[in-house]
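Two complexes follow with chain A in common, the first pairing it with chain B and the second with chain C.
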Partner chain A sequence: MKYPEIDKYAELDSLIHRFDPRAKIITFTLLIFSFVFIEDIRIAFVSLLFSFFILLVSRIPFGFIFNRMKPGLIFVMPFLIVMPFALDGNVLYSYNGISISYDGLYYGSLVVIRAATSIMLTLIMLGTTKMDTTMKSLHSLKVPSPFVQTLMFSYRYIFVFIDEFLSMWTSMKAKGFKVKANKHSLSIIGNIVGMILVRSYERAERVYHSMASKGYTGESRTIVKFKMQTADYGLAAILIGTVLIFIIYGMSLS
Partner chain B sequence: MHISDGVLSPAVIAFGWIVSIIFIAFAFKMAQKQGSIAEQIPKLSVFTAAFFVASLIHINVPPTSVHLILNGLLGVVLGALAYPAMFIGLVLQALLFQHGGITTIGINSFNVGVPALICYAVFRKGSGMGLSKPAIGGICGGLAILLTTVFLAITLITAGEQFEMMAKLVVIPHMLIMVIETIVTASVVAYLAKVKPELLPLNKEDKK
Partner chain C sequence: MKTAISITDLNYSYPDGTKALDNVNIEIEQGEKIVIMGPNGAGKTTLFLHLNGVIRAEQDNVKIFGNNIGSMKTEDRIREVGVVFAEPDDQLFMSTVYDDIAFGPLNMGLSEEEVDRRVKKALATVGLEGFEDKVPHHMSFGQKKKAALAAVLSMEPRVLVLDEPTANLDPKSRADLIRVINDLNKNHGITTVIAMHDINALSELADRVYVLNRSIVAEGPTRDIFSDHVLVKENNLDAPDIFKFFKILKCFGGDCDQTPMSIDESVKELTQAIEALEGKMSLHIHESTHEMVNDVISSYRH
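Let's look at the complex of A and B:
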């Protein structure tokens, strides 16, 4: 279990780092939502290249991005592996009644390319801004306050509970516990989960009282002010223009 | 269990987001009725984080490794707030660990959140009838995964006939998770009933 250090490289300086966080969230969300519905594999591939270009501009180390992309890509790999065999269509290759279809390969690769594009863009969006700035800009984008606050506090408590879980885990291991897929082991894991919940329940009470005593009323207050510069408008216009070009070109093909 | 970006059609994605937003708005409304929102937010956040970390526990079942979903337990403990907790959990999964997709957060929350709500109802009903809490908890744990699997398969099939085979294949690992979650949830509920009974929904006798 590792800390989710998503904003490890947020201190670097680049065009994307300086981009206004609110404009960044809106434009990148638009990019993701338009790229994942691309039907044509060639356009999808160009959108992947485009995302890679933004990655180059953002100067985030490749190793970081590719390591982070792995789990997401492992999730979609089954599509690429299964679909060529499962779909009927033009047969590319056939051996002993097992055939690989062109359609299956096409859809499988399309899914993987779309997923890779979306993950890469998400990583660039989050990797170039400090997480608390991202949360504050969600707030200034008028996302309902209870929701943003819950998201922000949950994010912070994840680190606390990872620590808490690891200390319990260390003590379990010190007593000779090994995880196996049997009933005993699973019920011990159940007890650990129960313990995390009991601790979190007690912590929640303390957290609420300490927050209330500092004047927390459910409103979120922030002293950060965002201001859009000319460069921000320019970059936002370029990115939204790119989205439109992809959509119009995609439509002209179909 | 999570569906990644790039698989589903716009209609399914839109359905997921709309239903999720309605459920979350409704859950926060209900929470506001029970007490001030200032009190609910910190508690919900702490629980969401706790469940998030619990779902990072991996269990090795050769040749693969599965992680806990715990949506049944979440439903039992949080009630209507299980849906927003699950949604936020999935947002954080997608943003921090790149599990699942961004566009699919809505439909993924639907697939795990609705079973959680159903489990809450089942647990209340069951414990009201005087059944043993660990037993009914275990049933909820398994039932939640079963329903999630059914929803997941339906989602994949509606996404297009090319995904029919995938829909059949996802069922196999989920049967394994179902067994694991049944045992784990039963054990968590037994533990909570002993140590912190107020975390479980009260039945009629307890209310007196």
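Let's look at the complex of A and C:
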């Protein structure tokens, strides 16, 4: 079974993999935030190249990252298509009253580049650390416990739901069901989704019973063994320095 | 001998009013191996949730080693009773096996060193050494089942309650799990209470059987329970194949002192019976043999 594991390549060895997970979360979050506020397309492009450089250093296969970037990019692509027509500004091309504006193309491209950069960095951040370590890092960074626990259980049970969905799907196919673009297929798929919701509700109750049986009272207790090394401080300083360079250079242009 | 579990007149109804448990009375001694049998929906899981205080009884009628489980502190009650539920995916809710097994001990407020020691010991007990960093979705059903047991063993409870421990396991994993449970009972003095339908594992896992069908319908040694074919049928149960086979053998003249419940017992009983007959047991068919055989078969057939 092919699971959508984000941490499939977390066992590789690279500078980014060895980076302390807490420092990684902080520095990558700073990088992402500074990159999404870049106003100049040339600097945005350099930030994309910089993210690509980090990807190279992390040694995660490009195909793995690009495949996972697709859904996000499909979501922002409409900006690139709609904005050139919708935004007023210098006209690049006009035909029968429909005009493509330079400003629209500029801002549409800027949105897509910013999105690509931030998605790539997020994927590198999550892809170079095992998911449980990421959760523990969030916990030790004092991210509110309900948020970390929700993330943790969501990630854990995605795989269980995929298994459940696939077993239902197989059993439907075994009974001759074929997906067609009609009302019947839609209603059957609707039923499956409903069934998964009901099952997840029942499972949640059973999981809670099992947690309560082990003394769970709402608090998340976990063993965290992280220690910042000199190399971690060095890499964190370089990345924060990069953030500052991008901000200062961006401000000098505006 | 101390009383490990004492339940008196326990009643429980679901929120919709359906009665799940009706005047349940159970008394289990320390170190006993108890199996609770009964049809689907008989209230076994609900009973187990009462045993470790997840569902609190209205009166103080569930006592573990003399103390009312409902009024115990969380850390104390999980130290007394550990429940392993049927579905391992419901019990392995953390990201790694290590975190799952450490979950209970951490809630008990133990030090990190002690938690680490317990995790390693529990993994070794179930034969999953080296699985610390494994994620549950990369494990087989049998491994998950063992990990779920380890996650309870790490709390080192005095009473271990297991819901369908052998269900859906391959024969090797099933045998492994039965061995682990028996070892815990025999060598560590842990009282075991097991709900199961796996009748062929009964003789290995039960000193005594309770038949639960909302209320306790019967209680006694396994052989007595399965000799009562009316009781067996009425409660959707079945007798072990070997037990039925020796009942049939008796119709052909192959009589043993006691009807064996397992292969091991059958070897012992058969040897004793043949030795008593000076090394020869003769089987024969007489007028009523077929009628007797049919009676035995139909008495246990659903």
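Some observations on this one:
Note that the second predicted complex is superposed on the first by the 240 of 254 C-alpha atoms of A that agree within 3 Å, B and C clash if a C-alpha of one lies under 4 Å from a C-alpha of the other, contacts with A are read in each partner's own complex, and residues count from 1 in each chain.
Definition applied: a residue touches a chain if its C-beta (ideal position, glycine included) is under 8 Å from a C-beta of that chain, and two chains touch if they have at least 3 such contacts.
On a predicted model such as this, the values are computed, not experimentally measured, just so you know.
In the three-chain model built by superposing on chain A, chain B fits alongside chain C with no clash. After superposition on chain A, the vertex angle at the CA centre of chain A, spanning the CA centres of chain B and chain C, is 70 degrees to the nearest 10. By the document's definition of touching, neither partner reaches A:S94: not chain B, not chain C. Residue contacts after overlaying the shared chain place A:Y155 against chain B and chain C alike.
When the two complexes are overlaid on their common chain A, residue A:M211 makes contact with chain B and with chain C alike.
Comparing chain B with chain C, the partner in contact with more residues of chain A is B.
Using the contact criterion defined above for the overlaid structures, shared-chain residue A:D132 touches chain C, although it does not reach chain B. Contacts of A:R221 after superposition: chain C is touched, whereas chain B is not reached. Touch criterion not met for A:S167: it reaches neither chain B nor chain C. Looking at the shared chain after the overlay, A:Q229 reaches neither chain B nor chain C. Between chain B and chain C, the minimal CA-CA distance in the chain A superposition rounds to 8 Å.
Touched by chain B in one complex and by chain C in the other are residues 152-153, 155-157, 160, 203, 207, 211-212, 216-217 of chain A. Contacts from chain B toward chain A in the complex involve residues 2, 4-7, 9-10, 24, 28, 36-50, 52-54, 56-57, 59-61, 68, 70, 73, 77, 84, 88-89, 91-92, 94-103, 162, 164-166, 169, 180, 183-188, 190-192, 195-196, 199. Put simply, chain A touches chain C in their complex at residues 3, 130-132, 135, 152-153, 155-157, 159-160, 163, 203, 206-207, 209-217, 221-223.
Residues 49, 52, 54, 74-75, 77-78, 82-83, 85, 87, 89-96, 99, 102-104, 106-108, 112, 115-116, 133, 135-137, 151-152, 155 of chain C are the ones touching chain A in the complex. On the chain A side of its complex with chain B, the touching residues are 1, 4, 6, 29, 32-33, 36-37, 68-69, 71-72, 75-76, 78-79, 82-83, 85-87, 103-104, 107, 110-115, 117-119, 122-123, 126, 144, 146-147, 149-158, 160-162, 164-165, 179-181, 183, 185-201, 203-205, 207-208, 211-212, 216-218.
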